[in-house]
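What follows is chain A paired twice: with chain B in the first complex and chain C in the second.
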Partner chain A sequence: MKIETPKLVIPGPAKTIMLAFAFLGVVVFIAGLFLAPERIWPNFLINEFYLLNLGLGAALFIATLYVSNAGWATAFRRLPEAMTVVLPFAGIGVVILIFGIHTLYEWSHEAALLQDKILLGKRAWLNEPFFIGRLVFYFLLWIVLSRLLVKYSLKQDEDGRLEYTFKNVKYSAIFLITGVLMFVFASIDLIMSLQPHWYSTIFALITLSGMITSSLAAITILMVVMRRLGFKELITKDHLRDMSSLLLTFSVFWVYMWVSQHMLIWYSNIPEETTYYIFRHFGGWGSLSFLNVVLNWLIPFLALLPGASKTSDKVLLQVSVVLLIGHWLDLYIMVMPVTVGAEPVLGVWEVGMFFGMLALFFWIVLRHLQGIRLVPVNDPYLVESLPERFAESANQGIGK
Partner chain B sequence: MSMHFSVLRKPIIHGEKTLAQVTTDVARPLETRPTILWWVAFLTSFSVLVIGVAAVTYQIMTGIGTWGLNKTVGWAFDITNFVFWVGIGHAGTLISAILFLFRQRWRTSINRSAEAMTIFAVMCAGIFPLIHLGRPWLFFWIAPYPNMRGPLWVNFRSPLLWDFFAISTYFTISLVFWYIGLMPDMATLRDRAKSKIKKAVYAFMSFGWDGSTRTWQRYETVYLLLAALATPLVLSVHSIVSMDFATSVIPGWHSTIFPPYFVAGAVFSGFAMVLTLMIIARKVLNYEEYITIDHIEKMCKIVLVTGGIVALSYLIEIFMAWYSVNEYERFVFLNRALGPYAWAFWTMITCNVLIPQLLWFKKIRRSLVIVFIISIFVNIGMWFERFVIIVTSLHRDFLPSSWVMYKPTIIEIATLAGSFGLFFTCFLLFVRFIPFIAIGEVKGVLNYGKNK
Partner chain C sequence: MERKIILGIFKDEQDILGAVKATRDSGYDIYDVYTPYAVHGLDKAMGLKPSKLTYVCFFFALLGLLTAIIAQFWIGSIDWPLNVGGKPFNSLPAYLPVAFELTVLFGGLGVVFVMLARTRLFPGKKERVVHPRITDDRFVLALEVRDAVTEEATVKSLWDKYSVEEIQQIWEAAS
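Take a look at the complex of A and B:
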């Protein structure tokens, strides 16, 4: 009665490459701590926030599927489930980040604070104990709730009880509210407060849309990889088409948020607000800001519009890689101008950390996928996301 | 799509309907005489419309001085009504275009009427900037065209001009989208019509629909394209409306979150209005098996989600006002909550944030009376949201000697009432002359959720 699914086996060379890059990332970080701490901490922040984006974005994707009673994505839901496994690692990362607070955040220096009326006014929010406490709280909440979702999904494989679905719908609703709210404040805390005088109400929605886009891109890459490893029956062209529509939608969503902030600040020309773009509009940063929009919107938009490219493994893989790099660039432009300096820099610290983070991410996710059943065989919605010939058998074993 | 459904899926249309029965059910209100209830509703709406026409006529003949505006508060009631009505329109396009792209099949029962509502709401909205011009007969000066006035061109940098483009485009596309969806149903009515005149009218309106496979195929292509076109449009319209405020430097108006926040608020208020109308219509027109309690529940969930986004935006705005340590920003929000218009602010918070939380409970989502009451509260709350944004930000000028209060005049209130009169008059005529439910589309989902 059950649909038999072969286990995933990661080819040996791929495993070696991922581990090598992850190791390299760690080496670069440790070397950086001694050789260039003012360069390594911003890079650590970018990659820490990025890793959080990938894990949390996937968890929110699963939660959205549950609350909307979606059936189309059930067959490959194990991929985003595996991605949430990186959240505890991001949690470790945030503990490490605590040691970099003084390098990163101007407001954490008592001397600077006392001379600055605006910073003094924000002291109730921007102070070290509260900042650290908030971060720990956000991460605990994300980790606990995402663990619950995955736990019940795996449990359902065993006995197929519908209660697990109903339970997950409830937890998903809670997760969507608290998870998004916490992410809004985490973005303000981790990224916006790097430039502590500046504020923008839409800022957290830009990081939120970046999170959604990059995690969808990572899910798509995993889907294409799985298809190449022989799971074409499970992850079908229909799934690819839906994912490409989502990628297209959310890359437009991202640029909508980006333009909203950019246009309104440019138009009103209020000095308190334009400081953000003054750093980012001239010299090398200006070209990078332009490239940011090209990578995160223009290329995905043009590439994914034609109907034929929506189901092409190759196009989707390329667009997703562009989006992953684009999201890194987006964070780089948010973090670096205020922390590192007037001109953009790209060296071993930036590249090593980013590739190390990506390798670590894919290694954790694929290793986790090796150990689990790749299809939620007893999920009541599975039948709707499988090809016709499996549908007959999929509805059995459910609802006992 | 697969014919296998999850065990958790329920049929969209209740009762074991045959295809012919669907046609008969939907066509019934069009082929019978209007009831007393309809006449009462129609005459009431029409009378209110007449009052509005009288108020607008008086205002145009006398001038904008008939309103309660003053030199500090230059925008108030009129623009509030404008934003309110544009917002109401958003649910229709969301249902017909965005839910279509998301393959939400339950939309078929409500898309026709919600889209009609969109068109009427945008018509109501259009009146307000028009009469605000003061000399509405010169409205065509808004359009950029070569002229002999200097030549005097419109200011392309003004968000008010973008509004003109956005709303006229939105209205046109919504109307075309709605009409295209109507064509097969018009042909059905033509084929059923008994009188010659009726037949001729419906034949004309169906554009000679012949029901061939090729016709259907082209129809579906056009429908998909228009849905894809309407989706960015609906987002752009309220984003641009929000820029009327956000491009300024007025504290409380200039906020970068305004575009997405206004769009979410628009969908929130629009769905509340759809709920208000559907709960009555399904009962009066006997469509309870088409617009089922599950439909009501799903719409409640959308109200809950969009209401959540609106609440999040309020929270971010208030937090940022404090976080900014900008004395003007901080003052605006304190003044909203504690100043002379605090009653309006707390009405807004109660109606938009507190009351919708009741929809978390399944029992409440499935109780028609409570949902109806909640939907009315949301309608009121969203009107007050725009009032609060517009008036409280203006009435405390940077110069305290200019601090004033604003009070609407009877003319302004009559104009608002008149817009409701226009909306309901149009809606009641729609119920009599055009199929309330998309016959062709509902037939496509008759077997949904039934495993063979």
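Take a look at the complex of A and C:
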């Protein structure tokens, strides 16, 4: 079975633009450290968490494919594999984040801690050394497991041995249990502990569904970009339809979780729980919370319902961009009210860092894609994923 | 008037796909295709239009949503206002669970009943199986023709390329 795999070539100007934006993001961050640290650290946290979401969501996607013996996505599996490459960069980001702990987290101040009975009670979990140690552990685990998945997938290209698939099924199962559990802890540590008095047992499910939706949107954008660059035969309309069904599903799942948390807190009306929403339901934050649901659920839901839009490159690209912005807004609403107060702000710090992060992400991923074989040519499931015409010739090679 | 139908029995998924394409290209009207499982690409090969049932489902779902909102508003705010936890009588968040459930219930049941009505299925209907093995390992292509006797030869030469196993004719009284 022989499949032509041309290399991906990114047009020069696109590369320059991405690099320029990424550089701009770094400049904004460094300038912000001196000019407005109380604005730049929450923004850094948002973008760091977002970058982690994109990489980890892709690893989750690959692991789910392996564990469920799914073949439909094998033809474009190199795209999520390339996205996991950003995890080490997110690891560097979390090391930088350690310097911002005192600006971000109320519980890290000894003086505030000693006057607060509730915080003293939570001290066993929320203290600096344990916090940093946990974060390092999470990231090491994610990076090692995702590296293994990508490594064996690439190795299979060379000698085509089946044992790599079995190995990856095993590592995927480990990743799905430990990796996702660590993400639950990470979202509690990084985001929920910003308001250390408040807690919600469903919080991690909101961040988890947001992570899956945003990484699926990024994969879809990469697929459409690849199709525009001339890979229409490899990434077909059938693949797009499956991806848009997943996007629709997880967008609905996100709003389901969002409503679940919101409605239960609204109904029971307990002061220690309502503090979170009282802040986010009036004034500018109220409008943003409404916009959040519109961007992350209403627009994707209505846009992806008709059958025709599920295979349209244009609609999928637009919906995916809306979802990427929506996920940023979701994180913005979670993080920013704690530090900037009663009215939302949007300035060069927010916009510059977000676009810098996205540019950095796409630059890393596309650069990685340029250097590798774009199709896992020896994967046993590839046949199931290819268009009919390829599959027929492949069938004759293997089956008969 | 009665319909004259020729049945071709095939053994393989690829054969039936090829035969369907070739038959349509020669200008015949395909009556139906019977397979033991869903064959990928068959809808496209048969030239089936996308189902209109999705619109039915959307309509019923919308009906369910409106029913739930209006009913809860009328019951909770007009007919029998009850103070629950000090909440306003007309509170949208409280309507959401029932609204969601009725949307799914109306949409799901509505589309199933419309589908049953459109395909004329009902409990106790006598089954019509064109070939005893279509639930096992055979694929059947049913073709409507004007004159079964003369056209069988042309159809047979067309289907021989796809190793047709057997050709049968049936006359069905028009309903």
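The working rule: the second predicted complex is superposed on the first by the 390 of 400 C-alpha atoms of A that agree within 3 Å, B and C clash if a C-alpha of one lies under 4 Å from a C-alpha of the other, contacts with A are read in each partner's own complex, and residues count from 1 in each chain.
Operating definition for what follows: contacts are C-beta pairs under 8 Å (C-beta built on N, C-alpha and C of every residue); 3 or more make two chains touch, one makes a residue touch a chain.
If you're wondering where the values come from, they're calculated on a predicted model, not measured in any experiment.
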Superposed partners chain B and chain C on chain A - clash or fit: clash
First (chain B), second (chain C), both or neither touched by A:L304: neither
Which superposed partner A:P380 touches (first chain B, second chain C, both, neither): first
First (chain B), second (chain C), both or neither touched by A:L8: neither
Partner chain in contact with A:Y267 - chain B first, chain C second, else both or neither: both
Contacts of A:M18 with chain B and chain C, given as first, second, both or neither: neither
Which of chain B and chain C A:I143 touches, first, second, both or neither: neither
Partner chain(s) touched by A:L181 [first = chain B, second = chain C, both, neither]: first
Which of chain B and chain C A:G121 touches, first, second, both or neither: first
Partner chain in contact with A:M243 - chain B first, chain C second, else both or neither: neither
Stretch of chain B penetrating chain C in the combined three-chain arrangement, among 41-49, 59-67, 77-85 or 203-211: 203-211
Footprint overlap on chain A, comparing chain B with chain C: 263, 267, 388, 392
Partner chain A, residues of chain C touching it in the complex: 14, 40-41, 50, 54, 58, 85-87, 93-94, 96-97
Chain A residues within the chain B interface of the complex: 69, 71, 117-118, 121-122, 125, 162, 165, 177, 180-181, 184, 188, 199-205, 245, 252, 256-257, 260-261, 263-265, 267-268, 270, 272, 380-384, 386, 388, 391-392, 394-395, 398-399
Of all residues in chain B, those that touch chain A in their complex: 2, 4-9, 101, 232, 235, 239, 243, 246-249, 254-260, 308, 312-313, 316-317, 320, 323-326, 451
Parts of chain A lying in touch with chain C, wherever the complex brings them together: 259, 262-263, 266-267, 269, 305, 307, 388, 392
